[in-house]
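Chain lettering (A, B, C, D and E) follows the sequence in which the chains are written, and residue indices restart at 1 in each chain.
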């Protein structure tokens, strides 16, 4: 109905559907192995393949760094990679929290007041398509380029959209039978919100949060290209790439990938716990 | 034709004043007209007159769209009549809702999936400020009553459909209402589970002595359970007949009753009230049912 | 069922548009209001005496440089880009650039859709492929583009045969498609897997093969999942195009304009806003196109409204 | 325009078959590269039988790597950055050092008391990164500055104007002009040069060589035609640069025509400032001064950035630069009587308008 | 105990060789064991012996999980037995599927929502390359047969549940199969619609003369429709009884049959076969049904 509401949801993997497909006696360990082994095998194959190609074809390091070179750099620069990952990760985390809080608050307001909902439609649709690169310089001017605020705001803008849309949808998906039930109990609006509305919306909120987590990480990182203190992964990657140290750049990229993975995994686990009994 | 005066079969119920508190439900001249999007109106109910005595089990039966659910929702004050008056134990429907004079169950069990069986059953108690220990005691009684003592800590998604319905019934009984409103509570169950649930409902009802208004599509179900079957017809929704089918004391009705001649007679009576005296054959059955 | 007549639907759409416009006006009003009452240098906490740039600014500055008036943004868009004779108004330049970027984004979207769909089919056909590939499809989106830009550029330039030679816009297309393929792959996979076991049994009872089942059952069934995926892919393609124009270089698009006008942020602060708003417009237009496409596919979306 | 250049010395020009050449710039189309655009607009390369395609740069484009990877024939890059790439394995050669002087400044407020690199201690220092920061680090290292914080600088100068940083990196021809195009809210007028104090690395002595034309070493050695093209490319470019010297407005117009949307006065300022980096030329435009080269290499070896990374760790190979091609081009031009020194060059006065417009 | 030899009630069917093409379905010694993830096995069916004669209507009835659906899926070759042999019109089940020897319908109508009623019905014809005009003609016949001529251009979401089921039945009849397989086709319908659909099914079946294997939970349904009711019991799934209930020629069975004594007797017979001779009362009914 709005610009991109179902988009964010429908395109994400739905753990429940996945779950239902499994046979009854599937043991967790087996499932874990089934889930983890194929990608790892593929990963190893890919790494070996790239290494082989780089070595065999003599591809120079400024075109494609070999996995072994990247590993070497990763080991050498481990403290810096860790430090940069922490800086960017913290920005992403704070941004995620702020974006999620604003998203939930606005969703609650929008679910109560139709007019606000209608007014937010174009704004949210616009926010959903605005390229971060366009916004970053402006935000640095507004909030200053010596603190992390602008980056946090960029991360929170990116996180806001999916959280808002999913939460709003969740708030609207209270089942009529539950509404009737609450009315038959003569429950106050507050009781109804507490007992039914919020628990119904919670899994949707967590789905939004999971999508937002990846966006927050990548946004916080990209925002570093355009200004601010030079401590995070984004700055490190640009600096390394600009001096043709691509292996070092990729070492930081691996930090970025791991960061994204951690955020995604954590929010997925939270989501699964939240929608366990459904 | 529409307002054929009901002929209550139980004794001593003349046209008493509506405020008679000894009647569980008194519906007088109720009409409910829905207004559609572009001003089109649907008369869901018209000229409804119905009295349910205290402790009586009344089934509402009729084809889809005849207004059974609407009537039940009006009694429960989940919706309001456009005309007429509804009294529940002598109070207005609204007051009765606020006083928690009834318990209600729907076709969908409507359990809160994030609450355990026990937490679902205690929900109404919690909302009305009953203390934790009192709640615990009551929940223990209720799970016992519906035979789910071992499942109190389970979550709805771990239960079968029949078990979920039993939880919903336990929940509707939580505040020991003198009136139970049930809208096709067994509609989603398979037939064998359904028969078991019916027998259970009779037992529970016998133990609690509550009046029941029960919506159903199933003739055998209505006959098996009820003291009285109210037959409705659609367009506009109205009551066309009432049939007294009391088969025996609720507590004593067992499975074997289903094979009893009285039972089959009751079924035939309701069937004829529904379809008209000559059971319609293929031709009529082909009538189109648009939702 | 609630039946909606065309008239009521049209009325509802107009009301939505009205609210939308009101929303934008409200946003502009909030901007101006804050600019009016907000502290000129924002709200800074934790600043240490004598240390430049210390502290954290929780509220933005309201200076004309940081927050130009909304009408100044509009006025700037209406005046020519430069004083050079025959220079077009900035707004027109932005629109022309947006058009160029739209074309590239459309191509990137198309490539992304094709690749995403191919991956989805692969994952559909081979369960092991789904298990092995899907995590990487998700991971791929956490790789910062900057790490890939040189690779794409370089490998592209190696493709040269006959009259074909690699152009910089092709790199932009590839990068746009890199962002676009992700939602399509995930959404299409879920859509193709959406038919219920009973539907698949039915096809089997007709002795229908894999491809017949794909075309007659899985593809139509995937449409409701595909539409939002395509919409997201369109937004991603636009973002990817803008980023790639800035990153690997391509003249003529909106990304390049963003980069070029950024240098005016100190001295002509309203100027950079034009291409920013142009980029937003571009994204909305792209989403609009997908909505149009969705309208054409509406016969396959009946189950959505029914559900 | 410079006299007599468009006459004859086109060796194989005119007979239609132009050699296609690609030239990678290191940033967007602007007067920093005016000479190349003029060479193209005025047909100097065409006269020499070259069909040159000028490819503007972008944020993530590293011209010397693009060149080394074989994606383009020639590239414009700063020397320290190219040295880093050479150490990373790029096989490239500096064949013409177009800019003789460095255009990089570190700008502070006049009232900040920052006069030299030593004053940057314990300050917030802006820098762009992307390999543009080595002169700054060389200066800081040499002055033994400490306790400073490096801040990633944006494309604009707002961080300095808002006093978030104490000193900002600026090119004389671009960012410095941005400062002078901005309105001082206190006076309502544009900022004046007196409002700022400027550290010029040329004066400090840590300037490094900037824009140079780079070629692929291997092809220079093995491909005679490529070597020939290199000479022609330099020769045509020099003619363009001479045009820019003589008529900065023409250069500004040429880049605007090529699609730059920079303000008109800003563009002219840039053309003029670029001229100052080239002219007057000591040994003839493009000739690589060995002393300046060695100084740059030495600083590249001795300087570390905030991560402790060095530009290079070992001396670059001999192939890193050669005067062979530029000298030949200069010879050809001198034969035509072209002024390759610009000894009596005088910059013009440019008035910056608000917003550079 | 498990393989209690079936006693087919129709004449002239001794233990004929399985390849007898005059029998619609012959199931011999079939077993289906499912293997779980960690090697645990579930014996869904064991020692199944069943013969369905051409033109005969056989219902499978039994509690949830007794393997009714599994047996039907085996006959349809949607699944394969771990032991035993299945013949459909003398061919292997697989061959029968490829030859389109049967039509099938499930509990969920399973219509494709993006296809109109007509397009849904013609789907199997289209898949097997029947020409457009032949398809059109056949579809016209079929919508007429199921009484939906006015709805051919409608979409499934515009139809009621009962109408959808009729479309599904029309679809299963599209290629005029001599065998119809139906897995609780009316399970999702309300009881009144269901009764109408049953009458319709009898009429259609009388017109087409096809053999039917019909899975149901409902005793009255099985009795009303069938020539023979096959009673199954779970853990492991097996056939425990077969009851001949032929009430009369299909075409002549009308609604009034439901009020016939023979009908009630059939119901009682099947109920007893299912529950054992003494109808169990409350105690047993309270047994827990875990899914």
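Just so we're on the same page, a contact is a pair of C-beta atoms (placed from the backbone, for glycine too) under 8 Å apart; a residue touches a chain by one contact, two chains touch by 3 or more.
Predicted model only: the values in this text are computed from it and were never measured.
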* **chain E reached from chain D - shortest hop count over touching chains** => 2
* To do: Decide which interface, C-E or C-D, involves more C-beta pairs in contact, and give its chain pair.
  => C-D
* Asked: Which one of the chains is farthest from chain B, going by Cα centres?
  -> D
* Distance-wise, how many Å sit between the C-alpha centres of chain B and chain C, to the nearest whole number? -> 53
* Rounded Å distance, chain A centre to chain B centre (Cα mean) -> 49
* Asked: In whole angstrom, what separates the CA-based centres of chain A and chain C?
  -> 17
* **Residues of chain E whose C-beta touches two or more other chains** => none
* In chain C, which residues are in touch with two or more of the other chains? -> 1, 52-53, 61, 65-66, 146, 150, 154, 246, 262, 265
* **Contacts with 2+ other chains: residues of chain A** => 62-63, 137, 141, 144-146, 225, 238, 241, 246
* Asked: For the complex, which residues does chain D have touching chain C?
  -> 28-29, 55-62, 65-66, 69-71, 123-124, 151, 154-159, 161-166, 174-175, 178-179, 181-183, 185, 253, 256, 259-265, 267, 353-357
* Where on chain A does chain C make contact in their complex? -> 3-4, 6-14, 17, 34-35, 38-39, 41-43, 62-64, 115, 117-123, 125-126, 128-135, 137-138, 141-149, 214, 217-218, 221-222, 225, 233-234, 237-238, 241, 246, 249-250, 253, 256-257, 259-261, 264
* Asked: Inside the complex, what are the residues of chain B that reach chain A?
  -> 73, 76-78, 97-98, 100, 102, 104, 106, 108, 110, 112-114, 123-124, 127-128, 155-158
* Asked: Which bits of chain C are touching chain E when the two form their complex?
  -> 1, 196, 198-199, 201-202, 204-208, 212, 216-217, 220-221, 223, 299-303, 305-306
* Asked: Which residues, counting only chain E, touch chain B once they are in their complex?
  -> 63-64, 147, 150, 159-160, 162-163, 187, 190-193, 195-196, 199-200, 203, 217-220, 254-256, 258-259, 264, 267-268, 271, 274-275, 278-282, 285-291
